[in-house]
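In this document, chain identifiers A, B, C and D correspond to the written order of the chains, with residue numbering beginning at 1 in each.
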Amino acid sequence: MKLNIVGYYFREAVQSIWRNSWLSMASIGVVAVSLFILGSSLLLVLNVNSMVGALESRVEINVFIKDKTTPAQIKEMEEGLRSMPDISEVRFISKTQALEEMKEKFGDKKEILSGLEEKNPLPDTFRIKTASIEMVQPLAQQIEGLPQVDQVRYGQNVVEKLVAFGRWVRLAGLVAMILFAIAAVFLIATTTRLSVYARRREIGIMKYLGATNWFVRGPFLLEGMLLGFLGSVLAVMVIYFGYFSLVGTIKVSLLFMLTVTDPGLILPVLEGLVALGLIIGAAGSTISMRKFLMV
Amino acid sequence: MIHLYNVTKIYPNGVKALSDVTLSIRKGEFVFLVGPSGAGKTTLVRLIFREELPTRGQVIFNGKNVGRMRMVEVPYLRRRIGMVFQDFRLLPQKTVFENVAFALEVAGSGRRDIRKRVPVILNMVGLAGKAGMYPAQLSGGEQQRVCVARAIVNNPVLIIADEPTGNLDPETSWELMKLLMDINRRGTTVIMATHAWDIVNAMKKRVLALTGGRLIRDEEQGAYCYEA
Amino acid sequence: MIHLYNVTKIYPNGVKALSDVTLSIRKGEFVFLVGPSGAGKTTLVRLIFREELPTRGQVIFNGKNVGRMRMVEVPYLRRRIGMVFQDFRLLPQKTVFENVAFALEVAGSGRRDIRKRVPVILNMVGLAGKAGMYPAQLSGGEQQRVCVARAIVNNPVLIIADEPTGNLDPETSWELMKLLMDINRRGTTVIMATHAWDIVNAMKKRVLALTGGRLIRDEEQGAYCYEA
Amino acid sequence: MKLNIVGYYFREAVQSIWRNSWLSMASIGVVAVSLFILGSSLLLVLNVNSMVGALESRVEINVFIKDKTTPAQIKEMEEGLRSMPDISEVRFISKTQALEEMKEKFGDKKEILSGLEEKNPLPDTFRIKTASIEMVQPLAQQIEGLPQVDQVRYGQNVVEKLVAFGRWVRLAGLVAMILFAIAAVFLIATTTRLSVYARRREIGIMKYLGATNWFVRGPFLLEGMLLGFLGSVLAVMVIYFGYFSLVGTIKVSLLFMLTVTDPGLILPVLEGLVALGLIIGAAGSTISMRKFLMV
């Protein structure tokens, strides 16, 4: 491609944006709104994921050990558990510790438990955290089969609910995001189509003057990309500032929720939006023009 | 240069605009195309320009069958033809200068070339002072002359002018005719569809007469007349 | 009926299209408006039609100052004027029939009235067979005649025709002129801007000549000429 | 208005939709997508609200009663509690019942508690549910002040979290909905503007033929309303069928979540969407036309 033509493309694109300032602003607006919706739902999914992750990490398996197990056997068992790949944390709670904990739970009424020190009925216990919540159930079953294990408890009910909830949130988030992405593409395609439609005569005339398809397409393509770029930058700016100020206010009132503020996670999202803006702009104008180039 | 063999054009809505037209135009000729309103003059030049495809028959331009041309070749055909459209077809978002320059840009001319050539042409059609205006800010006759300027700026091998004097006063019309004759003298073929009987009669050039889609007369040094 | 007092029109971009024009047209007159391309003919009729407002001076139509008219009155002014636009202004999404019918619908005519009247008018301009076609499917001259049909269908008190024969062959042009004369004879005022010197000379009607925005001649039974 | 003109409006509107079928489809699409987004987020908020409500209703206040309180005083107190407006449920748990419950919790190891029957250290308890979760804390404080009350417990931590979560979800839902509503209106305004822009010449010509503003506006207005109506019906249909099939699949895997399926709640949403479609269509075309009517 000659430098001539590239220069021509740029001049035409900028001029057209300027002269159709009204139409240009509308297109930028649509791109911005669509990408804003898309970006927001992406961040929402990121956050929900991190929240679900945080909740998951709190689910523990309690492994009660048979009364006659020797300390050596316990040691050996602990090492065995630590070597299992799906286990992220193993904590040993001795009979005595367990009783202390129980007393604490009873609070004012701990006198009920007095006299139990001599003949402590509580077992030694391993508290195990798993790498992922899906692993809780299979691991629990596996551990139950070990010889020294008396019983395994893991709040079956809570875990099942959490697993279901996590799956549901991820599914819903994914579905919502896909819907929004489709909606965004559809909206932008519609807008670029309308704007090309509003200029169909112009495109036709260019062809009648002997312009090749690429020559006609070039400025429109560049124009679409510029508009997409501007729209996405707008969306990214709104999301960026809006998100961090929102996170700021939420953090104060809602310490237990782990909001994602790691730039390493958020920046790719924003960069992706800008790239998407460029692609959408270019694709929109190319596809929309096809019909009118057939003269 | 141009040959039409048994060309018939039926529009999709069933109107038969041309029926069985056969004619040849040699390089360097100056040809008037006359006929009543709706006779098929515009349709005929559209076929040469490949704005429409013939329903039957062949249109040959410089040895190439225009109707069978591949899409990618069409732009190069059109660049070699300077067309003055009956309905003007100016780009509304471009100034007069840019409209004329566009024909050059399409063909890949450099900016320096464009800046030199366009003012000369605008001067020729008497629009030197209107270069910066948009088509909507021009009178009918001025718009028509912008079309003429755009058609000739590219030094085409063929100029097709579809009623180029319809909105012009007699004086300006004659200036335009002199311009076309000048260009014709330098070897460019000119086809002009017109209703201006006075001009046709005065010029004594070849006249093709259409009526109801049929070619009914073809006279060298003819006069304006479309009775069989 | 129409009075212009010291009317000057300067377009926003600084072009002085009319300067200090004063003239009167009586009811029932037939007036030709001549002048070179860009003289200001279209601008003058635009002022009467209130498409543009005069920069200075007054335009009076039937005793009303057109320039000072309120927005709500404008439609009723326009309904009483039948305008043949130089650039046609047909509605592209409507058929020929619908385009002509639209002028009646605008004025509140009933459907029965429309279905009776439109075909008669289309027949008058020689387009009886084209009623169902869209403007893009018509030849230049046919489109122009649709404009004429639309302008006269409403029985206006004033017909303004801006170069109505620019795309017509001499024969059709004369038929159109006869139609306009007929209508004029029945009391309708007609203003016609034109470059057709042969028609002007043959008709021997009043001729107003503009050059460079100035009214330089005003002759009863005049000839086509715009030298001072 | 004459019947003549109404007929004309309808004919013109339907014809224009039909002839500009391409543009019409685009507009219907935009309306449908926008209202779909709006409607979905509305339903989401409804569901989250009902879920939060369901969770809230599970939070209880435990009121422990002093040991020497007589059954008559307890009776009196219970009536006092029941008469408080913010309390939705009052359940009395006697010492004996409390011990039974505790034994059940200990399960296999309930022998720890054997021998306590004679000298039951657990107090009589009222379990109270409040009408709304926000009332838990103030009510607890109020009840603590009663003479027979020994101590009030309500899982301070959980309640605070739930209150914060509920607020957050409602706020987020509201913000999202407002954003979507704005986005929808903006998008539709843009589209109708573009479609009017694509026909600006037509509008101008009508005015030149002596049409009043209302005469020009009428068909466009009706067209906008028809397009808005069709778009909203499309959106409503997709939401309706999509929602119920989604609810169907979720219910199986996620019994504890109370999804809203009450037609009395959902129908108004859908009807509102249709009304909104009509309004948006009419407003869009009216506003968009203003500029081009000035000739």
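Assume a residue touches a chain if its C-beta (ideal position, glycine included) is under 8 Å from a C-beta of that chain, and two chains touch if they have at least 3 such contacts.
As the structure is a computational prediction, the values presented were derived from the model and not from experiment.
Between the contact lists of subunit A and subunit B, the overlap is empty. Averaging Cα atoms per chain gives one point for each, and the point farthest from that of subunit B is the centre of D. One inter-chain figure worth recording: subunit A and subunit C are separated by 67 Å, centre to centre, where each centre is the mean of the chain's CA atoms. For the pair subunit C and subunit D, the distance between C-alpha centroids works out to 62 Å. Centroids of subunit A and subunit D (each the mean of its C-alpha atoms) stand 24 Å apart.
In subunit B, no residue touches two or more other chains.
Listed for subunit D are no residues, as none touches two or more other chains. A ring topology is adopted by the chain contact network, closed into one cycle in which each chain touches exactly two others. All chain pairs that count as touching, in label order, are A-B, A-D, B-C, C-D.
Against subunit D, the residues of subunit C that register as touching in their complex are 49, 51, 72, 75-79, 83, 85, 89-93, 102-103, 105-108, 110-111, 150. Taken together, the subunit A residues at the contact with subunit B in this complex read 2, 4-5, 7-8, 16, 19-20, 201-202, 205-212, 215, 295. Against subunit A, in their complex, subunit D makes its touches with residues 22-23, 26, 29-30, 33, 36-37, 40, 108-109, 111-113, 116, 121-122, 151, 161, 164-165, 167-168, 176, 179-180, 183, 186-187, 190-191, 193-195, 197-198, 250, 253-254, 256-257.
On the side of subunit C, the complex with subunit B involves touching residues 11, 13, 15, 34-38, 41-42, 86-87, 133, 137-142, 145, 162-163, 166-173, 195, 197-198, 224, 226.
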